[in-house]
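Multiple structures are listed underneath, in structure tokens.
One chain, chain A, appears in both complexes that follow, with chain B as partner in the first and chain C in the second.
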Partner chain A sequence: MARLLVEKRTDWVGIGFAAVLSIIIVFPLLVVFTWSVTNVWRYPSVIPQEFGLRFWQATLARADVWSSITMSLTLATVVTLLSALICLPAAYAFARLDFPGRSILFFSFLAGHAFPKFGLLVAIAAIFLQLNLIGTFWGVVLIQLVGTLLFMIWIPVAAFQSVDRRMEEAARDVGASPARVFWSITLPQAGPTIAAAVLLSFVGTFYETEGAWLIGAPQIRTMPVLMISFINNQPVIQYGAVLSVLLWIPSFVALLFARRVISSGSFARGFGA
Partner chain B sequence: MSLTPASDIVGKKPGRGLSGLLLVAIPVFLVCWMVIWPILSAIWRTVWIRNDGGTGSSFSLETYQFFFSDQYSLNNLYVTLWTTAVCAALLLLICIPIALYLRFSTGKLAAYVQGLAIFPMFVPSIILSYALIRVLGPNGTVDLLLNAVSLPKIRSPYLTPWGPVIGLVWDNIPLTVLILVSGLGSVSNQSIEAARDVGAGRIATFWYIILPRISNSILVAISFTVLGLFSAFTLPYVLGPAAPEMMGPFMQRTFRDLNDPVMAITQAVIAFGFCIVFGLFYVRSVAKNRAP
Partner chain C sequence: MAVLDIKDVSKVFSTTVAVDRFNLTVGDGELVCLLGPSGSGKSTLLRMVGGFETPSAGVVAIDGEDVTRVPPEKRPTGMVFQSHALWTHMNVFKNLAFGLKLRRLPADEIKRRVDAVLELVGLGGFGHRATNQLSGGQQQRVALARSLVLEPKILLLDEPFASLDQHLRERLREEVRDIQQRLGITTLFVTHGQDEALSMADRIVVMRDGKIEQVAPPDFLYRQPQTPFVASFIGTMNLIEGVVSGGQFSRPGLKLPLPIADGPATVAVRPEALAIVKSGEPDSARIHRITDYGAHAIVDLELPDGFRLKATVPDAREWSGVQAATLAPRAFAAYRENVVAYRS
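And then the complex of A and B:
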């Protein structure tokens, strides 16, 4: 009986899931990749008539593609830096200082996530309309900055709280200044988690489409916004395919970094599960 | 993570309260100005309407009356409710079996399945839209393959209400699976073995032992789906039909193309109203999880 239980059975259920998910998840992306390295693919043929990188050159020669890449990188960098500048000191305060209303202010950052997002964006846009921020760079920066607040405060708060207080106190006891303690003890321990939060907010901002489209269009054109107009108006399929592959690069970087964080399960708990 | 009691971590020094408040002032101001104020202002502006002559304002529900008597707006609302309900049901049907499998399996194959289930998190929805058009759209890859084996073409879901459903389900699989797997972590192996020992079958074990323990996770997953889907924009805008359209594209068109911000925020407030229960539940369960 015991032998029967440990005997290895073929995991048919697992094979089934793996097969179905492979087709549903991976196949559409492979098709896009194939299109991006295709010179000619006319209808009834199952595989492209001619492979090649002609459309990579053509896409990279387009001015609108380059200006959207520059715009996306500039926006994501500005938003991430601003977010780090205002959120990290706040996170430190939430983790280490006592002040009136600390709890309620801490949970106030959830407010933006308790409403359907696009509805909230429309409500913000109505206010930006009165402030003449529609179609401006800083309007898009503001709307994307708000989207990063929760991550950039909650994750670093956890990082600061997990720093070993005894090491900080020991350093203070031997005469280190508070700034020195922060720089040499606190930051190195909290650093990796904070770096993850910064990466997360950069990638999240890079792909933020709805705020950029609602507030920025047509003047501010990021890569996802350009992608929407390629889907709607561009008859040459390969342009969209090449732009998709280019657009995926930051996500790929995030994927490499985030694998360990996500599979640990603490990630889902952050969503209230 | 939790906010540890401040008394444990801070020496009571005068002036610290003020510096703490100063350090958190800018983010808190941003939340007030860009989240709380727009919502209050949206409600205010849609019930306190400027009179026709532009002289003064008065209380009026005319924009809401218009929305709920306009057949086109109502159709958009129905298609949004339909899409949200169908997606939530499909997500649970797809993700509960995956989560159960992941909970009770180990090894390389389970790791591969988990990797695949989480992978869509790293595919931006705009790339997904493009990929689905290439695969399921007219003369897409599925048509190519069917044609190669001399079968008729599919009726493409692209530009029908099923287009957004497929995209939104695909996009939401990772979070739903993660939330459910995390919930299943609280079901102990002993309780399941005990049920098996007294002769309960797989379905009975699931129904009486597992389901009651993950019901909270299921509710969180549903809240998350509803909040994310009700005003989804990109996928319905790109994959969905021009009419009826979901609330997201509808609001965007009313705001930008019809240049009617008051009507657009009326639609937004209506969307808030439909989601308020889910929003409150979501905030409550996150707060409960993080409380000290």
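And then the complex of A and C:
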């Protein structure tokens, strides 16, 4: 009996799912990666005729690639910081205070994601044109800021709401001012979940393409925008492939961070689990 | 050194009156229990003393100083919450040191005071522990230490043992009582458990619907409850409704001499004061069940009209097979219109 209970059964359904998912996700990545380290690959060969880092060298030697990397990192950082500055206090207000129009305002953040994005962007672009924001850094910052609002409001609201009120009261009781309570108790308690939101908004901004292209082009070129123009304009596939592999880095780093947050359970709590 | 004065304090939440013109003075070093069912306003009252709620009317004063509008961080009160409310992102030492740091005490002074108070609550050497590494009882002790380390004038305890198991609860209330008496700290304690109140308090305030039913020392409260509510809330009490006529209280199955004016009355008898005698008469009380506790037994009786009551007998064996009994209260009280009308 005991042996039967501890005997491990092979879960073929699970293995099947894992295999299909791996093929769907990993196979395209593998192809792109192979292209990036290919010097010569002609039809009908299944594997490249010649491997090499020629196109890595060629891509990394280009000034527009480096300037786009810098641009993307700067944009993502500025947008995330601004978003945190605006959204975290707002999220706290939504979580803790009751004011007229609270729920309407709260759901209005969904609006930006409830309609086809491109239509919204074109309408905003028309307004930006009159404000002379087209083709400027701050124009792109503004448009990308809109995209982060949902994450940066909704997740921190849930985080703040899950902080035990009694903990905050206990801190008041031992002599902390309301501001000090927020800084020393509320923020650290909500911290991991908020970190997840910040991470999501950083990565989301880094990969954001439509807004950056519509508002920023051609003066402001982020990495995804540059990659698209490479793929569209270059007869050589490898440039696009190398840039694409370069683009994996931030999401990979983000994933490593997210793993820590997710495994601690606070990420799930952020979504109200 | 510290006296708490609550004068005519009321609290109204939108439509409900949580506390209604409440008056109480807690003397220096006294432990007073607020006892009542949930919704009786006892926690609201405690939170008003701690500064977490503002009274709708009335004055809260500590050592004669009006603190009614003073925020919690500026009050000389220390509160222990039901859910212990420890800060889980800090270890035990940091939980205790937080309030001292806010007071800008030097580091070695903080260390000395934290260590001393941890020793006091029996958790010496636990400073480096994370709060989730502690048992429920230890967490509640840390919560108590966190309040005590600041040497508050008034200690407020909001059902601090509610989430603990029975055994631990009994041990902790003895410890808390010991510590409170050793430090001589004025304490207000909220509970809905009568055992807790009876075993710890110098005086008990029984609350109901935001009002005081009775304020008295525990033994007095048990022996001389002023209202039927107090009588039934503290310990077990048989409350028998009936009619008085010509100095005789009567209800089917029970007749008692009761020298008060004619009219309805409620007779209150403790099970241990209700003697019963074996009987064969048809209108006596029927024995419904006998529960043997070894040292004594509880007899459940049913009056002819179906009303149930309890009596204590010394030996269950004497009652095996007995069908009916006559009631002979040794001591009882009678209430009319919510006040004591007679006490034997």
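Note that in this section the second predicted complex is superposed on the first by the 228 of 273 C-alpha atoms of A that agree within 3 Å, B and C clash if a C-alpha of one lies under 4 Å from a C-alpha of the other, contacts with A are read in each partner's own complex, and residues count from 1 in each chain.
One rule holds in what follows: a contact is a pair of C-beta atoms (placed from the backbone, for glycine too) under 8 Å apart; a residue touches a chain by one contact, two chains touch by 3 or more.
Just so we're clear, the structure is a prediction, and the values are computed from it rather than from any experiment.
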Which of chain B and chain C A:172 touches, first, second, both or neither: second
Partner chain(s) touched by A:28 [first = chain B, second = chain C, both, neither]: first
Partner chain(s) touched by A:242 [first = chain B, second = chain C, both, neither]: neither
Touched chain A residues, chain B compared with chain C: B
Contacts of A:71 with chain B and chain C, given as first, second, both or neither: neither
Touching partner for A:96 - first (chain B), second (chain C), both, neither: first
Partner chain in contact with A:120 - chain B first, chain C second, else both or neither: first
Contact set on chain A toward chain C in their complex: 164, 166-167, 169-177, 180, 184-185, 188-189, 191
Residues of chain B that touch chain A when the two form their complex: 1, 3-4, 6-7, 9-10, 12, 16-21, 23-24, 26-28, 30-32, 34-39, 41-42, 45, 97-98, 101, 105, 107, 109-110, 112-114, 116-135, 139, 141, 144-145, 147-148, 170, 175, 178-183, 185, 217, 220-221, 224, 227-228, 230-234, 237-238, 247-248, 251-252, 255-256, 261-262, 264-265, 267-269, 271-272, 275, 279-280, 282-283, 285-290
In the complex, chain C residues that touch chain A: 50-52, 71-74, 77-79, 81-83, 85-89, 98-99, 102-103, 143, 146-147, 150
For the chain A and chain B complex, residues of the former touching the latter: 11, 13-15, 17-18, 21-22, 24-29, 31-32, 35, 43-46, 86-87, 89-90, 92-103, 105-120, 122-127, 129, 142-143, 145-146, 149, 153-154, 157-158, 161, 165, 207, 209-210, 213-214, 217, 224, 227-228, 230-232, 237, 240-241, 244, 247-248, 251-252, 254-255, 258, 262-263, 265, 267-273
